[in-house]
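These notes open a run of structures that come right after.
The two complexes that follow have subunit A in common; it is paired with subunit B in the first and with subunit C in the second.
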Partner chain A sequence: MSPDPEVVLMRDCLGGERVVEIELADGLRRDALERLDGSGTLMVLDSLPKPFARYDRPGFFLLTGIVGERRVRFTMRLAHRDRAEETALAVARELAA
Partner chain B sequence: MSVDGRAVTEAVAGLPLAGNEEGLIPAFGLYLTRHYAPYYNAVSYAYLHHARDEGDASLAKARAALVEAGHICAFNTFGGIMLSQEWEAVVAPMIEERADWMYGIVAVVNALGWGRWSVEDLSQDEMRIAVADSYESTGYLAEHGESELGGVCFLATGGVAGLMNLLYHGDITNRPALNPTYYAELFGNDAGFAAEEIVCRAAGADRCEFVARRQ
Partner chain C sequence: MSYFDHAATSLPRAPVALEGALRGAELGNPGRGLHRLQRAAADEVDRARRAVGALLPAMTVTFHAGATAALNQAIAGLRPRPRVVALGPMLHNAARRPARALGVPTWTLPHDADGVIDLDRARAEWVDDTGLVVVGHSSNVTGVGQPVEALCALAKALGARVVLDAAPTAGVWSLDLGADLVAFSAHKHLRALPGTGVLGVGPGVELEPLVRGGVGFDAAADEMPEVLPERLEAGTPNLPGILALGAAARVGVSWDVEAASGALEEVVHAAGLRVLGRSADAPALPVVSFTVAGQEPRAVEEMLDRVFDVTVRAGLHCAPSAHRVLGTERTGTVRVSSGSTTTAGDLAELARALGDLARHARAAS
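What follows is the complex of A and B.
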């Protein structure tokens, strides 16, 4: 079983959104991103020097990261900022599953 | 220099920089806005001209305030970009030495619609940057004609100083927290860099040129 994802940074944007950066136990996988809730939009930019991934659930959160690297960033929308850490960790566990 | 500036600019221009349901553009770990250059220019130059009418002391304060806006913009926007995952994906793979951070961020700036920036000379103590078609000079010429006040690219002036402060006074490569304390450390004393616009298209030059030096 993979170790739990770890929160490495949490800060608030000027507008009030909360950013949570999480380090996964293993590198971010594209197939794991594709399994996330279908209400979000996934974009993986393979043409960049490193494949940049962006998963957006409107009104809820934006997840960004580089496929193959461990650190991912969640930007939680204002309405969900109070549960930012637990939401980010829950999604990170889905990514690690 | 190992950064392919054209490739960086094209890659950034291809990123999905569109507004979300709140009208904001979440990118580079920041919230960007699609800002109307003529609006920013109109506000800036109305302020500048009003200060000019009040006298030299007011004019000097207005210039300093408009450049300070550039410092703040550089600190948050350029600094935020250099700490972002988009930076890690697009620019970081090309970086071999500290100066590459500068060439990389200037290539990113060239995708943002501020004019075409080029680093003419760079050392740890000084940087010279030329800008073709800066939006500030373009706006000034369109609305007011040739400037009798010298250079008018205040945001760019602050931006150029800010870049040097982030890279050669502070150390953005160590991923510092971009908070008010760090801002004061970089800009709140005379130990850092200050910039000036040495020629400006709005004042008759072919292009705008800036130099940042340690104070």
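What follows is the complex of A and C.
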């Protein structure tokens, strides 16, 4: 069993959004991103020098990170900021599954 | 790494400043005592004060814990208290919040779409009883300067004091503009230490100290002394910060800031990105805000940092009123800012990164 994802930073920012950064046990996988809830939009800018991924669930959160790297960032929109940490961890667990 | 966040703090620090800081850390307590270590420390502080004084002709230099502390002292301490306060349109919160906290009516100086003050309209729309004008020398969001000298003349003619926030410009633009009080920090283009600031106090300006305590003389009195700088400098001073600043001010900043500003704006334009608030030819520092269609500024900052190793700053930059002027208060912008240590190589890195990012963002959207 892989270790749990770990919250490494939590910070309030612009307009009341809350940023949670999480260190996954392994590098972020594209197939795991593709399996996330279909209500979000996934964009992988894979022609950049490093493949930057963003998965946007409007009004809920924006997930960003580099495919293959362990650090991912959740920017939790205003209405969900109070549950930022648990939401981010739950999605991070889905990514690790 | 290519560093483009000089508007937040300029790195690397000036070597002479670091040497000054080390010397300051080893000094005794200055004050007005007579033992050798005290005298040596007091001499060093005086020397630093004279060096900084060259930036603020005809003003008394007082040292504080940053531009924020200096601005709070200037705005909250001004006597007589202003009954109405005029605010620059692009203020940083370090100036805006203490002004708003005075609890008196405030009005914003009329301005154009870039936030540059319109002096004719300011004269025509001047609000009676305005006793204080708080203005930033240049915007920390767009780099664009304000017509401070003419504004000071106008304010003086209409009986108002002017507090100038010169945090972004100290060391690179003249501060001899007729303001009554001028505040700046040591860690921006002078490249001395954070946590050190200056308030220049003009002749005849009366200030109530915000911080009271020992000053090294007049110890038997209950009140703070009337004389400057001691009236505003209670407590043991920040010797490393003050000596670092003195050394940095003596050396000065040699930098063609106008060329740097043009070059930085050109890099952002060349990438096809939308530059904000720099449409006129007002003088400007190399601080450029932009947006990338379809990408939140925070995501752009993250991409530049993690993919391209280029450091920039996204958000509201502690200047919400400037973003209201630009219409970007909801999402903020991405801000790039260069400094005197920025190299042609750094600019080339930035140009490559912005070009790549803009191209891929366009293709993906």
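What we mean here is this: the second predicted complex is superposed on the first by the 96 of 97 C-alpha atoms of A that agree within 3 Å, B and C clash if a C-alpha of one lies under 4 Å from a C-alpha of the other, contacts with A are read in each partner's own complex, and residues count from 1 in each chain.
Assume a contact is a pair of C-beta atoms (placed from the backbone, for glycine too) under 8 Å apart; a residue touches a chain by one contact, two chains touch by 3 or more.
Model, not experiment: these values are computed from the prediction.
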Clash or fit (per the criteria above) of subunit B with subunit C on subunit A: clash
Touched partner set for A:47, first subunit B, second subunit C, both or neither: both
Partner chain in contact with A:59 - subunit B first, subunit C second, else both or neither: first
Partner chain(s) touched by A:75 [first = subunit B, second = subunit C, both, neither]: both
Larger contact residue set on subunit A - subunit B or subunit C: B
Set of subunit A residues, in rising order, touched by both subunit B and subunit C: 13-15, 19, 43, 45, 47-50, 52, 54, 62, 64, 66, 69, 73, 75
Parts of subunit A lying in touch with subunit C, wherever the complex brings them together: 13-15, 19, 43, 45, 47-50, 52, 54, 62, 64, 66, 69, 73, 75
Complex interface listing, subunit C residues touching subunit A: 296, 298-299, 302-303, 306-308, 315-316, 330-332, 356-357, 360-361, 363-364
Sites on subunit A touched by subunit B in the complex: 11, 13-15, 17, 19, 43, 45, 47-52, 54, 56, 58-59, 62, 64-66, 69, 71, 73, 75, 77
Complex contacts: residues of subunit B adjacent to subunit A: 11, 14-16, 20-22, 24, 26, 29, 31, 85-86, 88-90, 92-94, 177
